[in-house]
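There are two complexes below, and they share subunit A, which is joined by subunit B in the first and by subunit C in the second.
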Partner chain A sequence: MDKKNGTEKPCLSHHQYACLIINTLVSISAFMIPSPTVYTSKQYGALSVLIGLVQVIVIGYLVVKLGLMYPDKTVIEYSQDILGKVAGKIVGLIFLLTFFSVNVLALRQFTLPFQAFVSVDIPYTVILIMTMILVVYVLAKGLKTLSICSELIINFLAIFFILLMILPMRNLDWINIKPLVPHDWGMTIKGSFLSASFLAEDIIGLMLIPYVKDKKKIMKSNQLAVLISGLCISGVTAVEILTMGYERVDSTIFSTFMLLREAQFSQTLERLESVAIAMWGGLVFIKLSLYMFILAEGFREWLGLKDNKKIGFILAPIIVICSMIPQNITQVVRFPNHVWVSYVYPIVLFALPILLLLISVIKKRGEKN
Partner chain B sequence: MSLFNKLFSNKDNGNKQDKKQQEQKLKIDKSVDKNIDNVKSTLNGNFDVITRKVSLGGKTDQYVVLAYLDGMVDKTVLNQSILRPIVLKPVDDEKFRKVGPLQYVEEFMITANDVSEVDKFSDCIDDIFNGCTIVFVDGCDKALVCDTKGWKERSIDEPGNEAIAMGPHMGFNETLLTNVTMIRRYIRDPNLHFEPMTIGRSGKTDVVIAFIDGIADDNIVNEVKKRIQQIDIDAVIDSSYIAELISDAPLSPFATLQSTERPDKVVANILEGKVAIFVDSTPVVLVAPFLFWEFIQSPDDYYENSIISSGVRVLRVLSLFIAVFLPGFYISIVSFNQEMIPTRFILSLMSGRLFVPFSPFAEVFLMMVLIEILREAGIHFPGTIGQTISIVGALAVGQSAVSAGLVSPFVVIIISVTTLASYAVPSYTASYMMRFLPYPVLIVSALLGIYGFAWCMVALLIHIASLRSFGIPYLTPVAPFRLIDNKDTLLRMPRWLMKYRPSFINAENKKRMATKKKGE
Partner chain C sequence: MRKVLAIILVLATLLFSGCSMPIENYNLVLMFGIDKDEKTGGYEVTLQMPKMGSGGEQEGTSIGNETFTVFGVGKTLEQAVKDAYVKASGIPFLQHIQVVIIGEDVGKEGIAEMVDLFKRDPKYTLTPWLFTTKGRAEEILNAELEYDTLPSFSIVHTVTDVSKFNPKFYAIQFNKFLENIEVLPHGALMGRINLIKENGKNILEISGASIYKDGKLIGMLDDLDIIGYNWLRDRYKSVDVSFPYKDMHVNISIDSGRTRVRPVIRGNKLIYRIDVKASGSIEHISSYPDLENDTSLLNELNIVTGKKIKSYINVTVKKAQDQRIDYLGFEKVLEHTYPELWEQTKDDWDNIFPNIQVEIHTNISIKNTGWILDNPEIY
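Moving on to the complex of A and B:
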């Protein structure tokens, strides 16, 4: 941002902020959530996502409330104001490490469909490095450029979702989703935590709020963005269950790609998963770049440095190397899902913002009295 | 002088230009003979400098000298309105004594329409260069400047690169005044400003900035002026010199300044609040700011049915994509990702390639270079035959290349479609971008397959998103998104819906049409 150093002024409109949030929430989730959610909650997957969405709307409300208490600072800066220097630094570091792990995993997950659906002989390390080059390029160009890219890609996302809803129409089978009311609410709610944990990435708002010009509209934009993302993912999950049945969805990691592979348009357009791969490329790239920006800016504030671009240049190779660590697809997809739902979601994405909000509210009241 | 001084002394001291400037600080002498000498020595006695000494109204003690450049003046005006009255009209002595010789010549003798007094010799020299005639009068330390500009100029034709079916068919020519007049004829608004500037140490080219006060954004106008004033160059031969020097991203393949030869296009842009830059001796006028979506807009869109125009614009976007990405996409599919296309299609495609000795990349690259050569030859071929040659050449070479088994018929189709598509985009500035960009896309796609293709798309997207034209993001109004401005971007809405000017140009007067409520 740096408002103090003047390197970059608040530059996002609330519309661009919403686009960035939708982009981040939908990108990987639209392709990766349906399968593990359906694995837990069977044919009620779509309902689980909706329940998850309700949780995230609450989190989103807390996040924006907290962010707006310190509208010119990021969570890395004001956590030190709230909790004191040392505890604040630790909380800041926890957030940064969470963002870092998301970036590393997202980068690795980014390569998966290229390997699974496109028989390219190039090794995934080349994809990692080439993608990182673009991410660093966009970091060097600044947040404004990134937000413009995101705004443009959102248009394609809208077209893509319409396609996703229309193309499989031929294969819909309503029997797959019956009975509509779950007999086991336990597993439906259990499944909701997974989608909520993905959607709760909305917490990046804590890092982006200082960049938004019109602070009054943030709450509306944020909640609308979360709602749209949740409904999109719920819709995709529903269509997948309807066409493929829950048994096939839960056994296919990239069920959304499969959905399009089987879809057909007037017998000439087949294998439409290439469209999905193009969409995946664009969306995940924006997510990676946004996280890269957040990380570079976060570390800059955490370390008290001036230039976030140099930090980006140092972080980029580290992220690439870390993303080479997972050995196989289980380590890339299943294991992180488990850790995410059990630890990161309840602690970092849920408890920490509430804690910060509570303490800052109490502190402010104390100051008033 | 020591060796050190010889090596490092400021060589500008000996510069002839500076000497000339010193000479130009001379005052106008009361003796006309001295003035003749001064003019001749300042202009190095060049053959086209004419000085004519004549008697003032038949007086034997009072002379007048006319100085001008041959070829730059209209001799009819010079003879009829200046020379003739000065020599032949008898002097009224009473008036002559009352008003003085200079005033007398100006008010009672010369019949030319635009006459003014100057008192600096350097101004006289500048005016001579501009095609004026200077009248020195004996006994006066001032001179008269008569506007006698007149030289051969090209007639007003339809610009070859921007021809359209409907609408006005006139184009700019090389004379600044003619070009400015064309704009005046469209906009009869007292707020229309033409601000003159001079650029170039030797060339001293006239540049005019045109905008409408209250409709144009003051910040953009000032920025344009500031950037033009900063130019320090010997001469400006074409407006592209200025475009390169003031553009936001001169190295980018995407132009950030519009260049056009069509007055109607310039007028429409000025009415939207943009700033036009006219340069003397150039038929190409620059308009700032220029945004990405203007590549797909053509003047005929506004002269024809809005629904059809909108459809054509969508077609142009498609052409733009095809022109840049089709060869790269073909390569990535054929070399790496054959499984991505339907089986029947790939079979017919591959059967055409059976006897081709080259790799798909070499094949496509060869054809692309061949087309480039044809295109370049077509431009430089004399006369109208150039176009014929390039079409016949393309067909003959394509056909023979296929029958000789050098390239597959499919590649010929791909390259022809790519080339055709690049001409479907109306902007001439875009054609250079579309000639260059397919090559990097082709190479990266040939290296990394469909991933490389996607990589190129994203890299291009970032590049375009990072561009600005005079402070306005290049992809405006699509991103940053403004619904109200999108009435004239990808679609051309009916005129009555476009009541306001683009909101990204920050100006007081935004209303284009009256907004009437229902029932009014």
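Moving on to the complex of A and C:
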């Protein structure tokens, strides 16, 4: 491992680990979860996110339990220990492809608000390439640098959420969120799977646990990070429903941007979506960089190579090209809402970690006996 | 190497950031009028913009009270806006439109295109105040008005500040109008503005409201019809209730209060219960009652004030039921109170709404008699 770039195992404090998890879970979700969740759950959208949060706390528990059974290895390495070389390689590849698809989609989604709200003149390919150059630069600097950036961004995120709660105050209409107890639990629970599928991205813990110094505090940090992220997203969803009514939230792609587009503070401060753009830029950039690190490091381990930077240089153009595949905004939005919830969440984010945990527990008991 | 990189980054930040066009190249659009273009069957858009530096201040940097208008025509609304672009001295900047005025002809034909455009395209704002005018919007935007400020700011001042004292008009911002018109297929109200002449001077009169259903203007409410609506929807803060009482004329100023509308199922019948709880003070009595010793008088005034408010609401409810359009928001209240019942009734709401029984209960409390208790007679 290259120790110069600050990615030696372990290099993260449990606080930095929590910041990275919050950053990853909140970055895109805070802007993109409310609309599809509310589409399914109507006025119970915020409750759906909370039910999804419970699911993710269970997943988080399993993920950390599994990771702590092999505290010095990533899932790419220990899946081969658990399942054997061939099956382990396949499982490792499934995880890597999942992380790859997240990175590709996140990169493409990253460009959307810039094009819609900032400047329509800049071709999205320019934004894709410029962003990826910066991401590769961060990869070269290492995980430690990335975690410090994340710690910094989280402070702004806290301010952003406070603003998000305060700015639309004068537009709140409490009847929009009533009744508080759902009359149809079916649609509320159905909506929870969508938010859970986004929040279940905390399985990146399977790749990050070896880099955390104090392993005893990982469980607490992970669950706290998931809890904070889920509560934030539920809060944002509630404010959006209260402000716009569920019918308007579900018909809007970036409902959080819309919330700030409408927000007026006194009679002079308006069109505040630029605040959200700045936050989006910082958060998603950190997420992209973290996923690039996970991918580069994961493929290095999977291929048995020494240097992850070269892999990053190869991956970067591939990710940019793949992110150009969706023809339009509908395809960019539809993929996570359909494929992610129906296949990736139940199989990769839920079933695979449980399967690995079960087999490793059985194996370890067998070894003891 | 690091220093060189840092210098390059700082220079890049300075050189490559900022607006893509200098701010002087834009004209700030404050009022936006939409009419039907009779020649093409499309739209005629009128944009009112302030003359920069016309207030005697430093040229180009301040807004005076003088305005200029440009217009554009096109088959679609966006084409009409783009047509107006070439007539303005700069590029019309649409992100801070304060007031949108819709001509009667466009209102009747439907505002779906305008709603779609404003929502879809972020170059428009979602918070302008919306009004329908009897006649053409361009007449209002081109009228010479004697305000000491820009007409758009004057309108915004009226709807935000004066509305607290005067319940005879209704005004709504675009985003909240969307909530009403898109949420359920019932009606929604929009503000109403007209250009009138008084003593040879042009005056903008904001009064009553306009009624929209399925995105189309289908009628207007007069200033007296809208008072009950403002009471019903909790849109009062410092309004007056005046009425004759015995041989006096009484004016009560309502300081605070709350109206609660809730559906109640009694037997198999859906009834709407409206509770108004408000408190206020006596602002004027045209006689010399003994408020200090006649303790029953305040109680009687409470009851009479309540009856007056009840009559306002009754007029509004009856009008809506006669028109068979639920712009009162009854369906929304039902949806969020009894969602299962709403599921059963939503398709037939236009037939159910006119026959709904409404119960109005008022609880008024006059807490103050102003700065005097009894008024000594003036001889």
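Throughout what follows, the second predicted complex is superposed on the first by the 360 of 369 C-alpha atoms of A that agree within 3 Å, B and C clash if a C-alpha of one lies under 4 Å from a C-alpha of the other, contacts with A are read in each partner's own complex, and residues count from 1 in each chain.
In this section, a residue touches a chain if its C-beta (ideal position, glycine included) is under 8 Å from a C-beta of that chain, and two chains touch if they have at least 3 such contacts.
Owing to the predicted nature of the structure, the values given are computational and were not obtained by experimental measurement.
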| item | value |
| --- | --- |
| Per-residue contact with subunit A, leading partner among subunit C and subunit B | B |
| First (subunit B), second (subunit C), both or neither touched by A:Tyr137 | first |
| Subunit B versus subunit C as contact partner of A:Cys149, first or second or both or neither | first |
| Subunit B versus subunit C as contact partner of A:Ala278, first or second or both or neither | first |
| Subunit B versus subunit C as contact partner of A:Asp121, first or second or both or neither | both |
| Touching partner for A:Thr330 - first (subunit B), second (subunit C), both, neither | neither |
| Partner chain in contact with A:Gln16 - subunit B first, subunit C second, else both or neither | first |
| On subunit A, positions contacted by subunit B and by subunit C | 119, 121, 270-271 |
| Touch list for subunit A against partner subunit C, complex | 43, 116-117, 119, 121, 171, 173, 175-176, 178-179, 183-184, 244-245, 247-248, 251, 258, 261-262, 264, 267, 270-271, 273 |
| Interfacial residue positions of subunit B with respect to subunit A in the complex | 336-337, 339-342, 448-452, 454-455, 457-459, 461-462, 465-466, 473, 475, 478-481 |
| Touching residues (chain side subunit C, partner subunit A) in the complex | 20, 95-96, 122, 125-127, 156, 160, 175-176, 178-179, 182-183, 332-333, 336-337, 339-340 |
| Residues of subunit A touching subunit B in the complex | 13, 15-16, 114, 118-122, 126-127, 130-131, 134, 137-138, 141-142, 144-149, 151-153, 155, 268-271, 274, 277-278, 281-282, 285 |
